[in-house]
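Below is one structure. I have some questions about it.
In order of appearance the chains are A, B, C, D, E, F, G and H, and numbering begins at 1 in each one.
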Amino acid sequence: MKLTVYLAGEIHSDWREELKNKSKQAGLDLHFVAPQTNHDRSDNVGEDILGEQPGKLYKDDAASDINNFRTAVLMQKADVVIALFGEQYKQWNTAMDASAAMTLNKPTILIRPESLIHPLKELSNKANVTVETVDQALDVLKYVYE
Amino acid sequence: MKLTVYLAGEIHSDWREELKNKSKQAGLDLHFVAPQTNHDRSDNVGEDILGEQPGKLYKDDAASDINNFRTAVLMQKADVVIALFGEQYKQWNTAMDASAAMTLNKPTILIRPESLIHPLKELSNKANVTVETVDQALDVLKYVYE
Amino acid sequence: MKLTVYLAGEIHSDWREELKNKSKQAGLDLHFVAPQTNHDRSDNVGEDILGEQPGKLYKDDAASDINNFRTAVLMQKADVVIALFGEQYKQWNTAMDASAAMTLNKPTILIRPESLIHPLKELSNKANVTVETVDQALDVLKYVYE
Amino acid sequence: MKLTVYLAGEIHSDWREELKNKSKQAGLDLHFVAPQTNHDRSDNVGEDILGEQPGKLYKDDAASDINNFRTAVLMQKADVVIALFGEQYKQWNTAMDASAAMTLNKPTILIRPESLIHPLKELSNKANVTVETVDQALDVLKYVYE
Amino acid sequence: MKLTVYLAGEIHSDWREELKNKSKQAGLDLHFVAPQTNHDRSDNVGEDILGEQPGKLYKDDAASDINNFRTAVLMQKADVVIALFGEQYKQWNTAMDASAAMTLNKPTILIRPESLIHPLKELSNKANVTVETVDQALDVLKYVYE
Amino acid sequence: MKLTVYLAGEIHSDWREELKNKSKQAGLDLHFVAPQTNHDRSDNVGEDILGEQPGKLYKDDAASDINNFRTAVLMQKADVVIALFGEQYKQWNTAMDASAAMTLNKPTILIRPESLIHPLKELSNKANVTVETVDQALDVLKYVYE
Amino acid sequence: MKLTVYLAGEIHSDWREELKNKSKQAGLDLHFVAPQTNHDRSDNVGEDILGEQPGKLYKDDAASDINNFRTAVLMQKADVVIALFGEQYKQWNTAMDASAAMTLNKPTILIRPESLIHPLKELSNKANVTVETVDQALDVLKYVYE
Amino acid sequence: MKLTVYLAGEIHSDWREELKNKSKQAGLDLHFVAPQTNHDRSDNVGEDILGEQPGKLYKDDAASDINNFRTAVLMQKADVVIALFGEQYKQWNTAMDASAAMTLNKPTILIRPESLIHPLKELSNKANVTVETVDQALDVLKYVYE
C-alpha cells in the first residue's frame, strides 16, 4: 500500500532528504511531496513567471499565489501530512498548511523541538501525533505498515 | 441581519474592545466571540479544571484541549472570522485558527502591520481580505451592510 | 417561514426594487440581500478602504477582494439565489456567483431575456428554474408558499 | 506524479493543442481533458442524439444537458482546472465551469488578456492564480513539479 | 425545541391534515412543509408561470423544474422527512425525495401499507424507521420529545 | 481514461448486456457494475446468508440489507450512473438509487420509454440527461470521449 | 449565546439532572437534549409503537430503529456533545454516539472514571476534552462563556 | 475490481487470518488492512516511540495518539469496513471505529455473537449488514462480486 506524504515546514535544513533516505532504507512504500524548498525561487516565483510587480507587497502576493497553488495541488494528493517546525522564523505558512490539513482530516504528524512546546501547544494538541525528531515521525509511519 | 464574528489573534492589546465599540457606534448588528483573552487563565485552564499535571508539556496539552474546545464551539457559530497578528510572539494558534476558518470557507479578514507582509504572505494570500488596521476591518464589515 | 434571497446580477436597472416591492405587496416573508449596486462604489471600494493602489490591475483586485468577501458572507445566509442577466456587459461575476450557488446546492432561479438563450444555455440548464421576467421569478417564489 | 488538467474556455483558438505540445516537450506527466471543442457538434449534440427539438430554446437545452454531463464527468477527474478567456463572446459557460471548480476547491488557473482585467476582476480574484498567456500557465504547472 | 417536518408522498388522501391536527392536539412544536398537493396546479405550474410549452414532455419538464425547486427549498429547511406511499400510482417523485433526504442524512420515516412491503423493501431498509400508519409516525415524533 | 458506470434499474430485460457489448464494439474504456440481476437471488439473499427469517417482512429486510450494501459499495466506485426504467413494476429501488446518485453529484443518465414521461417527470428533470434508448445513452457516453 | 448540548451515555444515574441544575445555577444559556433515559421505554419502544415482533432480535431492532432516529434528530441540533461512561455495562451505543459526534466535528467532552482510562483510551484521545466528573465538564462549558 | 477492507475489532482470536485465507481461496480481489493486532505493541507504542511517560494515563494517551493515527490513515483507504465484536472486553475502540466508518458512509458489516444482540442493538441497527460469523461476512463480500 502506497502512501503519499506531504512534508510541510522548515526549508533551511535537510530533514526532507533525511526522511526520504531513511524511509527508502526501511523499504516503506512512501511517495513524498513538498513545497518549494529553494527559498529564493519560492520568494521570486511570482515575478519569475508574471514579471516585475510594483513593490514588495505585490511581489509577495504574486509569489504566494503560486506557492499556495502548488500546495493545494499536492496537499489534495496527500494521505498523510508531516509538519516540522524549527526554532527560527515565524513559519506561519507551515502553521497554515498543517491546520488546513487537519481541518480536511488528513492524518497529521507534528515535529517540533522541546523549546517550542509552549507556542505550538494548540497546534500540537490538534495534530494526530506530535514528536520531536524525524526518526520518531518515521517510526510512526513504519507503525502503519506493521 | 445579525452576523457573528470570531476575533482570533493577539491578546496583548485591546483591539477587540476597540472594534466592538466602533461597531456599536456604527450601529452594526454584529455579535463578537473570541478566544480567552486573559493570558494566565488561558495558560492555566487545564490545571485549573483537571488538576496538576506532571510537567510543562502535560500542563500545556491540558490547557490547549480546553482552549481548542472553546474555539471549536465558537468558530462553528461564526459567520465571519477576523485574525489580527501583532509584531511580537509566534502566534501559531492564530495562524491555525485563521487557516481552519478559511478551509471551512468562513469569510476571513486578516489584520497585520506592514512589517509582517513577508512572513504572512501565504496566509494573507489565502484570506479573503487583508488590511492593516482595525478601522479598515470595520470598514469591510460596514460594506457588507451598505 | 422566512427565506433569505440573494439577488445576483445586473446593477444597471431597478429590478431588485421592483422585486422587493412586489414581494411585499404579495405578503411573502422574504428577506433580500445583494451585491453592492452602486457601480462606482463597487469599483472603488478597494482604494476607498485600503488606499491608492499601483495601477488598474491592483485597484480592481483590491475592490474584488472586498466584493467577493461581501458575496461570500451574504451568499452563505441565502436560502435561494436569483441571478438576472441583462443584454449589456460581460457580467462574468454574475455567472460566477450563480455557478457557485448551484455548486453549493442553493436553489437558483435564472432570469434572462430571450436574446440570451444561446450564450446562457449551459448556465440555464444547470439552474433549477429559468424564467424571462422578474414577475415570473416572483411567481416561482410564491409557489413555494402556496 | 500524474495530474489531470481540465481545460475550460475558448474553443476558437488552438491554445489547448499548444499547451499539450509544450507540456509534452517539457516532459510533464499531465493528462488533459476538455469540453467539446468542435463548436457545431457542441451546439447540435442534443438534436444529434435525441432528435429534432421544437425550437431553438429546446435545442439549446438538449445540447447543454449533454455538454454539462460531459463537463461533470471530466471535471470530477481533474486535479487542476485552467480556464482561458478570449476577447470575443460571452463565454458564460467558461465562467460557470471555473466558478464550479473553485467552489469545489479544485486548484484553478485563469488565463485572460490584459483587456479583460476589469470585467473578470471578481473571477480572477477568486482563482488561485491568474496569468496572461498559455506559457505562463505552463510555467505554473511546471513549478508544481520542481 | 421546534422541528420542521417535510411531508413527502401521496397527495390523493388527507393524511397531511390528519397528521397536523393530531400533532397540534398532542402539543408538539412541529412545523410542517410539503410539496404542492393540488394535483392540477402541480401538473400545470410550468405552463401557468412560463406559458404554453410545445408538447407534453416540455410541459412536464417545465412543471417539474418548479416542483423540484420548491422541494429543494423546503427540504433544506427540514429536520425530519416523512414519506407516505399509497397503493396507487408510481410515486417515483416520492421515492426520489425520500432517497435524497436519506442521502443528506435527514432522519426519515417511511409510511407504507403492508401490501407494499416487497416493492419498497430497499427504500424501507434505508429509512431510519418504517411504519404502517400516520398514527405510528406521530408516535415516533412524540418519542423524540419524551 | 477509464470510467466506471453503475447500471441501475430493470432486471427483466438484457439491456445491460446490450450496453456492454456495444460499448466494447465502440472501444470505450468503460467498466460496468450493477445490482444483482438474478431476481430470485436478490430476493432470497438475506435468507441464503443469514438463515430463515420469521416472515416475509423480515426476509425482505434481510435481503435488502445485503442488496443495499452491494449498491453502496459499487455506487461509490462509479463515475457515472445510468438508470433504466421499464414499463412494468414499481421499481422504487431504481428511483432510490438514481436519486442517491444525483444527490451525491454522480453524473446520471435516465433511460425511460415515452410512456413514462409523466410519472418520471421530477426524476427526469433532476437527472443530467434523459434519453429513451440504450443506444442514446451510449451516444452520450461516447460524447465524453470525443 | 445559546448552546444546545447532547448528553450521551449512562442512564442509570441522575447525572443529567445534576448537570442541568448546576448549569441553571451558573446562569449558562444551555439547552440540553438526550436519549430516552427510561430504560424500559427505550427497550420496548419498538413494540410499543409497531406491535409485537417475532423474537428478541426483532424487538431490539425495532427499538433501536426508533432510538437511533431520536438520536439523529437531536444530535443534528447539538452544538456540543457530552458523553459519560459509567463502570457498568457495555455502553456501546454511547461509544457509537460519541464517535459519530466527533466524526461530524461536534465538539465533544468525555466524562469517565479513572478506572476506565485504559479501555477508553482511543475514544478519550479522539475527544476534544476528557474529564472525570460532571463538575469538570460544567467547568469546561463555563469556560466557553468567560 | 479491487476493494480494500478495514478489519476492526477483536484482536484475541485469529479471525482476520481466517477471513484473508478464505477470501484468497474464493479468488476475491480484496486487500485487507487492520489495526495493530499485537496487543502489547498496541499498548506500548506510545512509549516505544516517544519514550517513558509520567504515568498510566499519559502512556495510554501517547499510545492511542499513534493507534488512532494508524486507523485514520488506513480507514480513509478502505472501501468497506468489517467490525467483529467478541464476548470479552469493552471493545470501545471497535465501536468507535465502526461508528466513524458508518458516519463517513463506508459500507459496514458487523459480526457479533448472538449473546451480544442486546448491548449492540443500536450499532447493529446502524450497520449496513449484521451477521454472526466470519463466513457470513465473507458471503456478503462474495455477493458484491456475483
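Note that in this section a contact is a pair of C-beta atoms (placed from the backbone, for glycine too) under 8 Å apart; a residue touches a chain by one contact, two chains touch by 3 or more.
Note that the structure is a prediction, hence the values are computed from the model and not measured.
Participant: Treat each pair of touching chains as one step and give the shortest count from chain B to chain G.
Facilitator: Counted as steps through touching chains, the separation is 1.
Participant: In this assembly, which chains make contact with chain D and also with chain F?
Facilitator: E
Participant: Which pair in A-C, D-F or B-H has the same interface as B-G, with over half of the contact pairs matching by residue number?
Facilitator: D-F
Participant: Find the geometric centre of each of chain D and chain H from their Cα atoms only, then give the gap between the two centres in Å, rounded to an integer.
Facilitator: 43
Participant: How many angstrom lie between the centres of chain C and chain F, each centre taken as the mean Cα position?
Facilitator: Going by mean C-alpha positions, chain C sits 38 Å from chain F.
Participant: Give, as an integer number of Å, the spacing between the C-alpha centres of chain C and chain B.
Facilitator: From the centre of chain B to the centre of chain C is 31 Å.
Participant: What positions in chain A touch 2 or more of the other chains?
Facilitator: Touching at least two other chains: 65, 68.
Participant: Each pair of chains that touch: what are they?
Facilitator: A-B, A-C, A-D, A-H, B-C, B-G, B-H, C-D, C-E, D-E, D-F, E-F, E-G, F-G, F-H, G-H
Participant: Quick one: in the complex, what on chain C touches chain E?
Facilitator: Touching chain E: residues 1, 3, 79-80, 105, 107, 109, 128-131, 136, 139-140, 143-144, 146 of chain C.
Participant: Quick check: in the complex, which residue numbers of chain G touch chain E?
Facilitator: So the residues of chain G touching chain E come out as 31, 33, 36, 38, 41, 45, 48-50, 65-66, 68-70, 72-74, 76-77.
Participant: Once bound in the complex, which stretches of chain E touch chain D?
Facilitator: The contact residues of chain E facing chain D are 54-55, 58.
Participant: Would you mind writing out the residues of chain H in touch with chain G in their complex?
Facilitator: These residues of chain H touch chain G: 56-57, 60-61, 63-65, 67-68, 71, 89-93, 95-100, 102-104, 116-126.
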